[in-house]
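Below: one structure, written as structure tokens.
Per-chain residue numbering starts at 1, and chain names A, B, C, D and E are given in the order in which the chains are listed.
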Amino acid sequence: MSIITVQIVAAALIGIGLYGALSQQSFVMLMMGLELILNGVMLAAVGFWAYSGTGIPEGQLLTIVVMAVMAIEMALGFALVVAVYRGKQADMTEALEGFKH
Amino acid sequence: MELTELLTLLIIGLLTFAVGLWLSGRPITKPQYRAAPPWPQRAPFLGGGSPENHAWNRFHARYYPMTLLLIAFEMEMMFMYPWAVVYVAEGMKALVEMGMFLAILSVGIIYGWREGAFKWQ
Amino acid sequence: MSFVDLIFLICGAIAIFSGWRVFCTDSMVRASFFLLISFIAVGVIMLLLGAVYLGVALFFMMAVEMMVMALFMVMFMMNPAGLNPMKMVHQDKFAALAGVVAFFALSAVAVFGDFPDQPRPSDLDPVVTLGKELLGDSMLVFESAGVTLLATMIGVVAMSSHRGRYGDANAGSRPPGLEPGGMPAFSGDQEGSSGGHHHHHH
Amino acid sequence: MTASLTNALLVMAILAIGVYLVAIINRAWANALGHSGAGNPFTAPFYSAASLWVAPANTTEAPDAMAWHLAPVLYLTLAAMGLALVPWSQNLVPVDLTTGIVLWGALEPLATVVIFLHGWSANAHLSMLGAYRYVSLGLSYLLVSMFVLIGVALPAESLQFSAVVESQAGLWNVIRQPLGLPLFLLVGLGISFWGPLNFADSNDLAGGTSSESSGRARLVWQAGRAVMLVAFSAIGATAFLGGWLGPVLPGFVWMILKTMVVLAMALLLGQLIPRFSPDRFLTIAWVLLLPLAFVDLVWAGLEALP
Amino acid sequence: MAMNWLRQLAAKAPVPVYPLLAGNLRTDIQTMGLDPRIEWVASPRHARVLLVAGELSPATDRAFGKVHDQLPGPAASIWWQGQPLDSLADGATILDKADDLGRVAHQLQVDLLSGKHRGEPALCPDEPPEPWQGLGDIGHGGEGMMGGKPYGRSMAMPTDDLRDGLQLDPMAFSLGPFCSFLPPGLEANVTLHGDVVASFEVCSTPYPSLLPGVFEKALEGPVSITELELARARHYLHQLGHALWINQSGTVAHAVFAKARSLKPGESLNKLKKQLIYTGFYRSAGADKGVLGDSQALMTGGVAARACGRGSDARVDDDGYRSLGFKPLVMDRGDAAARWWLWLEEAQRSLQLAHDAGPGHVKTSNTRSVELLRGASRDGQLPEDGTAMLEDLLPGLEWSEAMAVLASLDLSAVQRAGAGAEGTL
């Protein structure tokens, strides 16, 4: 376990997440991809923090901020899904295009 | 040392998992391919009735607004645990800051309550 | 190879494998919980890295989020359990390529980049430093997070709630056009009728 | 490594004894409440367990076979991990994690996930209803539990359970923070879906999430519930009743006694109080219990200030 | 045959029995459950033995087969108050006396565990509900997103929701007639949206309840009020016990049944009453639901009507009761909790009446109008089945509330067992 291996794992998670986010048709699955990307980002942040040699708290804080972003993204994303479904009974990303007036 | 504690936790987890697996017996993994209980025994129990469809469908979880509020509200727990550790050392300042933080979020809870988010939709 | 390395490798493999399974399983519930497994494995790696608080906190944050994810998956996806196998992807090749490129680019940065590689001080208590930081220098982050979360909560309730303050959220909207067994219809003629939720046209 | 193994075996032993203890106390309460059929509390648990053991397993038409098989095992594992966090005496702490309180907080939603999976995986209607109902409970008691436990972390200045015990040397938290234990009891009934909070495996769903399971899988499921209840009681005793602290007797004896007190209270409540309506409990949890947990936290905070 | 030690231990456990009611015999079943050698279970999956109580009718043969086959084998049935099915008659265990159930079931359990009894044959053919093998890409039987019948069952299609604007899949199934949480014999087509009942369509009504012997006699001529009122108190306590069981208070329910078995005139139920108040039974799931409308209350009659503020009680027309100073008990809330409350109050008052009537052997005098366990008989007219009202009453309720409301209503038709036939006393 070193900073390089940790970053490679993080890179793999980000790569898979990117694939998911770009390829999935369903909005909820797309969010899964985003979550996976953020998962990799968090791991990378903690990796940098752990090997920075100083243990500055900003590394941890960054992770918390990423988590907050994740929580907000999920909450708003799902609320959007509910609102869209209410109107159109669809959960596909394409359905969202109807909202781009 | 923290790693020793984690190792113990891991051992306990794995050990219980193994014991649990042993206790729960041989799995019937692919019911459709292997010798398994006969079909009538496997039908969902409805007291003699029968289902029209699979149980797995788009289920209306009627508490969904609560779950969304929870995701947002739970984030605040992330801040609370480190706060609790330094609370006594920081004293009044910590109390006031967390009080403000909680007060802000309580507004969200009250709003959610007023809008009926904590009711079965 | 030490014991820690071994566990790191196993967890890394689990995190990547279950992250990949998320996008190739038919059952939405399984997909959510594969993602949860991926998060848990990452949390264990964080613990190994000495982030005792963040690793454990990741467990509870993600357990809740993935539970909610699974709920919404089952609520809104057709065929949520994947009883009929399906593949709902677009631009599959391009996406896979983008993923692979991103992986190699980031790995290259990790391998060839020049990062500090020293263990953190052994007497450091990550929770205490984090708490001090939150109440000290980063207080603004902390309080603004509160306001952001409040905004999120209000937005979430306003968007998802049926009993809106101004009456039914979908008052005036037309019934959806879905052919039984077909894909959801979203033809243009339904637009403009969604007066109840114009507030999220960002 | 040896120490780790010894500690692990110790937790396993406590786990086995704990299941037995729950069965005994539960039957003793049933006898006391006028249930004539509860049998001899000391031998009946063995008979019932053997009866479940020899009963054949069941499956459903198209289950999520992996989840169906693993959910009870995982629930038992989570319960054991909860049990591992308990400090039995000053020197006998199987897992003395510096963030033990956070880990307990993480076990609760993970248990919710597992209980949901148990009901979901059968692909049967009544068990699905139980699973969904439970999620509404599991997600709403979570915050209450976290606030209450943060309350005990304040005077301890630590998230470590052993530090929480030491911080109670002067006065137990049950007196310092009187709202804590009652709120936490509700959490315990929730996490093991016992009695009034048995939304998952209830009679009006013919057994809910376990209505389709039988035999050894059901034995593991029931054992998991019992262990979870023991783990909760031990955590409750640690957080509110001063853990191993006490005069004359050795620490672990005190700890066992206190755990049994909390366990007996939870089991009595479980038998006496009828089930809440899931709908109403959701409102109660957010509108009544959560503010009460706030009050508890503020109380704890003011009390902890030097 | 030899058993290994585990099976020997298992044989000592209370026999898990699933009660399958082919007649309105819930009260008897509840009393039989007091035997420590057996234990009623909520799902046939948990059972080793099936108790078939009552006479099966050909109409329910299919449903019976389903439940029978859902016991994980080897399992066996015990037949009580009815003839075994022809296909199972060979070597069937028939129970003559209710008190014998513990012994018989235990013997059956020993035989099953030791392998002496090989279990009963299945009644339904061993095949999936729909053929599925070989269809679809992986042989799962469905195609497309929602098409076909994957794994033998189709998938649901979305419908309008009754409260919320979300159009999601309903959960539709038929329930009963052998559900332990429904009135025995009630069969219904249920549609759920989430866990809220969207529609509840009664397909077959519950089995009619037979009048206990003493009520039969009261329709013929004067009977001792003491005897009549003790039977009444017992019945209401059993109803209350069932409601407690539905609301997850199994232990308390058990204690109530035990009490009901040996009621004495003048006994006080105050302790139980206080316990139910303090433990919040009257505020449990569904307690404030199931308010009956006027016509529904009249249709149901008896306690349900009095819980809605209708003071009809045939006992006021009886000189015997009048001499004891009888006045009807009335509440005006009309919800499930009010009915539970009145059940206990009525039981208490019945015990008091039984006590007061005791010394002078006061007898009933009016045979034309008798207050029965549900409603009253007027000129020989007995209350009719009222389950149709469930179709209006239950939709909109959450599942546990709906089940609690069901447990607060006694809607089955009342029938006379015929002159001289033994009742449940």
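In the analysis below, a residue touches a chain if its C-beta (ideal position, glycine included) is under 8 Å from a C-beta of that chain, and two chains touch if they have at least 3 such contacts.
Just so it is clear, the model here is predicted, and its values are computed rather than measured.
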Set of chains adjacent to chain A and to chain D: B, C, E
Fewest touching-chain hops separating chain C from chain D: 1
Leader among chain pairs (count of C-beta contacts): A-C
Centroid-based (C-alpha) most distant chain relative to chain C: E
Reference chain B; chain at largest CA-centroid distance: E
Innermost chain, where centres are averages of C-alpha coordinates: B
Chain B-chain E separation of Cα centroids, rounded to whole Å: 35
Chain A and chain B: spacing of chain centres that average the CA atoms, whole Å: 20
Whole-Å separation of chain centres (CA-atom averages), chain A against chain C: 5
Whole-Å gap between the CA centroids of chain A and chain E: 52
Shared-contact residues (touching 2 or more other chains) in chain D: 56-58, 61-62, 97-99, 102, 105, 120, 123, 125, 128, 132, 135, 139, 142, 159, 206, 211-212, 215, 278-279
Residues within chain E bordering two or more other chains: 43, 45, 72-73, 128-129, 150-151, 153, 155, 158, 163-168, 171, 173, 179-180, 194-195, 398
Shared-contact residues (touching 2 or more other chains) in chain A: 64, 67-68, 71-72, 74-75, 78-79, 82, 85-86, 89
Touching chain combinations (by label order): A-B, A-C, A-E, B-C, B-D, B-E, C-D, C-E, D-E
Residues on chain A engaged by chain C in the complex (per definition of touch): 1-26, 28-29, 31-33, 35-36, 39, 42-43, 46-55, 57-58, 60-61, 63-65, 67-68, 70-72, 74-76, 78-83, 85-92, 94-95, 97-99, 101
Chain B residues within the chain E interface of the complex: 32, 37-41, 43-62, 120-121
Residue numbers on chain B that touch chain D, as the complex places them: 2, 4-9, 11-13, 15-17, 19-21, 23-32, 36-37, 39, 41-47, 51, 54-56, 59, 61-63, 66-67, 70, 73-74, 77, 80-81, 84-89, 91-92, 95, 98-99, 102, 106, 109, 112-113, 118-120
In the complex, chain B residues that touch chain A: 64, 67-69, 71-72, 74-75, 78-79
Complex contacts: residues of chain D adjacent to chain B: 1, 3-5, 7-8, 11-12, 15, 56-63, 65-66, 69, 72-74, 76-77, 79-81, 84, 94-99, 101-102, 105, 120, 122-128, 132, 135-136, 139-140, 142-143, 146-147, 150, 153-155, 157-159, 206, 211-212, 215-217, 219-220, 223-224, 278-279, 282-283, 285-287, 290, 294, 298, 301-302, 304-306
